[in-house]
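Chain IDs A, B, C and D follow the sequence of writing; residue 1 opens each chain.
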Amino acid sequence: MRLLLPGLTALLLVSTAQAQDLTAEVAHSWTSGGEAAAVKVIVDAFTARGGKWVDWSVAGFESANAAYISRLLAGDPPTAKTAVAGPEVTELIAQGLMNDVDAAFHAAVPAGVVPQVVLNAITVDGKVYMAPTGMHAGNWMFYSKPVFEKAGIAEAPKTWDEFFAAMDKIKAAGLTPIAWGGQSWQEGIVFHGVVLSTIGDAAFTKLYTDKDLSVIDTPEFTKAVETFGKLRDYVDPGAPGRNWNDATAMVIKDEAGVQLLSDFIKGEFSTAGEVAGTDYGCALVPGSDSLITLADAFSFPKTGNADEDAAQALLAEVVLDPKVQAEFSVIKGSVPIRTDIDTSGFDVCAQEAIGLVKADKIVLDAAMTLSPAINGGFKDAVGAYFADPSMSVESFIEQYKAAFANG
Amino acid sequence: MVDQPAARIPASSPARTRATGRLRLPVAALAALTPAWLIILLVYLGTTIWTVQLSLTNSRMLPSSEFVGLAQYERLFGTARWTISIQNLLTFGVVYVVGALVVGFLLAVAVDRHVRFESMWRTVFLYPYALSFIVTGLMWQWLMNPEIGIQATMRAAGWTWFTFDWTTKSSMAIYAVALAGIWQSAGLVMVLMLAGLRGIDADLWRATRIEGIPLWRTYISIVLPQLGPSIATAFMLLTMGAVRTFDLVVALTNGGPGQSTEVPAKFIMDSLFARQDLGLATAGATVMLATVMAVTIPILYARDIWARRRAGTI
Amino acid sequence: MPVPVSLRSVDIGYGATAVVKNLNLEIAAGEFLVLLGPSGCGKSTLLNAIAGLTDLAKGEVWIGERNVTWADPKDRGIGMVFQSYALYPNMNVEKNLSFGLTVAGVPKDEIVRRVARASAILQLDPYLKRRPSELSGGQRQRVAIGRALVRDVDIFLFDEPLSNLDAKLRTELRVEIKKLHHELASTMIYVTHDQVEAMTLANRIAIMRDGVIQQLATPREIYQRPANLFVAGFIGSPAMNLLKGTLLGSDGGSLFRSSLGEFDLPGKAFPAEPREVVAGLRPEQIIVGAGSGLAEIEATISVIDAMGPETVIWCRARENLLSARVAGDFPGQVDEGITLGLDLANASFFDQDTGQRLP
Amino acid sequence: MRDPFPQSANGPRPDKVTPARLGLYAFLVIAALFFLLPAYVMLVTSFKSMEEIRSAQIFSLPHLFDWSAWIKAWSSACAGVNCTGVSAGFWNSVKITIPATVLSVLLGAVTGYALSFWRPPGGKILFAAITIGGFIPLQIFLFPMVRATAMLGLYNSLAGIVLVHVVFGLPLTTLLFRNYYASIPVELFKAARVDGAGFWRIFVSLMLPLSLPMLIVAGLMQMTGIWNDFLLGLVFAGRDNLPMTVQLNNIVTTTTGQREYNVHMAATVLTALVPLVAYFVSGRWFVRGITAGSVKG
């Protein structure tokens, strides 16, 4: 197949579509309003090209994984499953449980339009195994324009010094500086944002992609940990355990100044009728000029059924279609994986992100490069550290480092 | 504990009414126990063996057969979160079980005092048992959140000294989880206790009135000792629930602040599904299972001996 | 000091659910009064009212000189023994006896003294350290009696105390209760549905039905002169023989006309106008064999119940089945024809309509 | 203190509102407030618009009662691409719950009966194993059970999920019934034996009718557990038989998606309606059931 011309492959797929039953049972966890609407884009395109979509959606990563792995063990996997493009798929690939979609990928995507780091993440032994839908960036700072105005902050802080000065002003204005979601997975995202801004792209990749632990021992990393710890002073007492959307509501209600988190929270602003750039602003975490990206992708278990193999190829083709990519990301609030698409529908935040992707200013989120067990260890350490101001930087670093031993 | 050994005198058991003893046991009795035996041997024992075996491998997302010795156990006990989880479970277990028993008993006594609208009260106290915790956990999260919950409301009403911020304090969060747990389970305990109360001989109540024994004394000295079976059943159910506690924590605090409300079952669940660390999860499960057996078997054994000794004196 | 008990115009329960209506009962100091009746007749309710365990709807309860209508049970100076024993299952015998006293704050040496006395009277010494579950029914009931005894009360209430025991124990314990009454001379009120217990224990029996006392009298009076058909039928085993007939009175003596014939009743004066009546004859008031000088009828033996010291024979005379008490060595056979003498001079007569005894 | 012996006392004791009685009701009211607080917040939230939820206080009553969240939760809330609300899985839940409850209760009854009265060899070991089984977190069983049901050809089927529930219900039901039968006088059982009744005859004609109350109690507890189960249903039932809790989970659980709290509340209450109704209807039985199981002495 790889020897065939890409266009021919596409033709072939379309022509066989008539003869085959292109039913795909798709497992995903995108169940909430905006997410589901984004999935709908793929479903419609898939159906339009002769596929039949059978939805198997399970909310919650744990439950979805439990059900999915169970089906793998029972020898009855779904046709496709969404996942973070990273180790949770590569382990299954190594076990020989997954089909590649190399032909479909190269048929659909011209060379050079997918960032190399992402391409590396979805390729195993020279073959592409996943079809990415888009990327989320974790190192965003969203802020309430009215609050900034009230506190007398002219523009989004560019450095951590500026940031803390701004936060002090908000505090002085009697508002909550940071709308903090006190759950360890959120805190983990913020921490990595702080780390990237402090140690830089190269060291970040060295640590989280190449697992070079010497980075942790650098003074820059210690500095990052200290900066992260300083955030505690700008958080309200109700923060522990708070859901991200409750934190977002604080910014929407102009009770809090900023929220540091991924771009997926934009949906909450739009639902509340707020417009990016007008009611709220977005900027990268102070001191950063690169995105920490996390790509979601479809992966394709071996089903032993030729029809399903064809359906998998068709699904990959649909997902990678430039139009689908754009529409999907606009709704979901993510950044398309392809750089060659029409960006007119995106909001100012996404536009900025797309610009960074085009300029190749991206690093991979640890979830794409390290096992879930290591990432879990990170969250444990970060959550414990943020909750306990008496925890020393050293003992945090020790615990954080120990997480690498998980896999 | 749960059964009443005193009521079971071996000599009266049909299997031993004759010198030939167990020979009289009909085939039907063995046949009837076959499903239970099959479930125990194939599922429970089978799973246990599977679990122990996997805990000795390097399994990640999927079961693997690569033997790594006790490496997973080393990792397990090297993980701060696991040790914290065990401590948390002990605190939670004691507060939750004792709290639910006490509250359940008090509710049962109150409902039993010939109050009006008895069935209404009973239903009010029992309904949490029917609700799944995915969302009721959120309710408690709100109620105990100092910024929007009870504390905020009380302070807005003028009681500015009022403080109720357990979920946000590492030192208190586990008690918040226990409180929500008691909220959910006390109704069940109440029903079990109420049943025990209703089973007490009506003449006994009259006798205490004739003797002029104050009500509180009657409950403490005469009624409570008779509720043994109810208490034992409730205790067992609560303990099982405490050891398995998982979704309560997830819904309420998700283990936080920090790791102050992490529990072993959640550790295992996270390792199993979210962290795809099957080896570590099964090691944790094995440790839990071993602990439960180490506690349960001596109790069951001691009780059996005690029951036989007692039976011998009659 | 034995004290009297007095119930004055007592109603228990309201309206349709009234269990007892306008009941008056005077119980003398030191008397052994038995409340007897079928289940549901209100006898236990009445006892509970005396104990203060049931509220009155109307009326008063007096114990001695005190109106205790509103008093708590513990203040009435009563002890009570229950059918189910109501022992505290988690305490041993000694503790069962002393618990109430301990709670009441009785001095320790006094408790010891009283428990020892009760234990001696009821022969409980070997069992003091045992729990109720380790005792037989009879022993349990003795403990229950002991629990009332230690309270040093003036009045003992028994609520069917022997009903849960087997026949032999019942007889034994009955004798003990009688002895106890003799020794203590306390007022005792005893509820039962067993006429043998009532007859053997009571100074007086109050027979109740539907919340109303049918007759209050000594056992002998109740047996020999039942106040109405209900009492006549309830007391005695086998039951009184009842013969329907017409009574024609005159000054010198009356005439009883029934399906078995017409019989003169010399010496019995009844009003002259004819009355539809029921004549009641105890089995021992029917004599077997001719020549007794009584009103004689012919009958056929249909059943012979030999009981050892005596035998009861059931005889058919026309449509009537009559029982007669004869000697244990009665030689007759079933289906044999015999002559029966009816002792109508000592018989009871009841009005067929009201069921009341004719004087 | 009032004079216990007023000379004029007549009829019922005058009703007096004692401090103890007041305290009793005060306790009940306070306890009820504690128990109802989350339900109150849940209900008022379900009637608010999302805008109001974001802006208003959690205890405040909704400005205007808005039923739309309930309608949405029942019939149109989306879970993924399917927008069917929680109503979709309702009949599946019924189809799973009824046989699973009946079978697991019967199995518990038979096992408890055999263990209590017949004392078979190894019975104590079996009971100890069942007791310990009650402590194992269910989720550990997941993968082995998947393999087992797949081997039996029951994976992704109604029979499979029912079997799984029966297996996991064994500790609870056996515990309840063994306890219950231990309180039934052994004389009853002996009498039946003397009358020549066999194992099953005694069970069906004597023990089952006697344990009707406990059947209802165990049935209610099992029903609640099975009805509210989500993970087992998700893994074992198969796509055609997913219970309504899977739908509920898809509606209320989300990590990064938006949260419509009003719909979440309504969906939760709607899903819990069946067990709640069962409590209301059988509340009397629930209590009497366990009553009959308690022992005297």
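Worth pointing out:
Note that a residue touches a chain if its C-beta (ideal position, glycine included) is under 8 Å from a C-beta of that chain, and two chains touch if they have at least 3 such contacts.
Given the structure is predicted, the values throughout are model-derived calculations rather than measurements.
Listed by label, the chains that touch chain C and also chain D are B. Comparing mean CA positions across the assembly, the chain most remote from chain B is C. Nearest to the overall CA centre, using the mean of each chain's CA atoms, is chain D. Look at where the CA atoms of chain B average out and do the same for chain C: the two points lie 55 Å apart. Averaged Cα coordinates give chain A a centre that lies 39 Å from the centre of chain D.
If you average the CA atoms of chain A and of chain C, the two centres end up 91 Å from each other.
In whole angstrom, the spacing between the mean C-alpha positions of chain B and chain D is 15. Among the residues of chain A, those in touch with two or more other chains are 61, 63, 66, 69, 73.
Shown for chain B are the residues in touch with two or more other chains, namely 63, 148, 201, 269, 272-273.
For chain D, residues touching at least two other chains, in rising order: 139, 142-143, 230, 249, 252-253, 296. Touching chain pairs in this entry, ordered by label, are A-B, A-D, B-C, B-D, C-D. For chain D in complex with chain B, the touching residues are 20, 24-25, 27-28, 31-32, 34-39, 41-42, 57-59, 107, 110-111, 113-121, 123-124, 126-145, 148, 166-167, 170-172, 174-176, 178-179, 182-183, 186, 189-190, 193, 198-200, 203, 221, 224, 228, 230, 245, 248-249, 252-253, 261, 264-265, 267-269, 271-272, 275-276, 279-280, 283-284, 286-296. Within the complex formed with chain C, the chain B residues making contact are 6, 201, 203-204, 206-207, 209-214, 217, 221-222, 225-226, 313-314.
The residues of chain A lying in touch with chain B in their complex are 61-63, 65-66, 69, 72-73, 88, 91-92, 95, 182-184, 236-242, 371-373, 375-377, 380, 383-388, 399, 402, 405-407.
Against chain D, in their complex, chain A makes its touches with residues 25, 28, 30-36, 39-40, 43, 53-61, 63, 66-67, 69-70, 73-76, 136, 185, 243-245, 249, 252-253, 262, 264-265, 267-268, 271-272.
Interface residues of chain B, counted against chain D in their complex, comprise 2-4, 7-10, 12-16, 22, 25-26, 28-30, 32-33, 35-37, 39-40, 42-48, 50-51, 63, 103, 106-107, 110-111, 113, 115, 119, 121-132, 134-136, 138-140, 142-143, 148-149, 152-153, 156, 183, 187-188, 191-192, 194-196, 198-201, 215, 227, 229-230, 232-233, 236-237, 239-240, 243-244, 246, 265, 268-269, 272-273, 278, 281-282, 285, 288-289, 292-293, 296-297, 300, 304.
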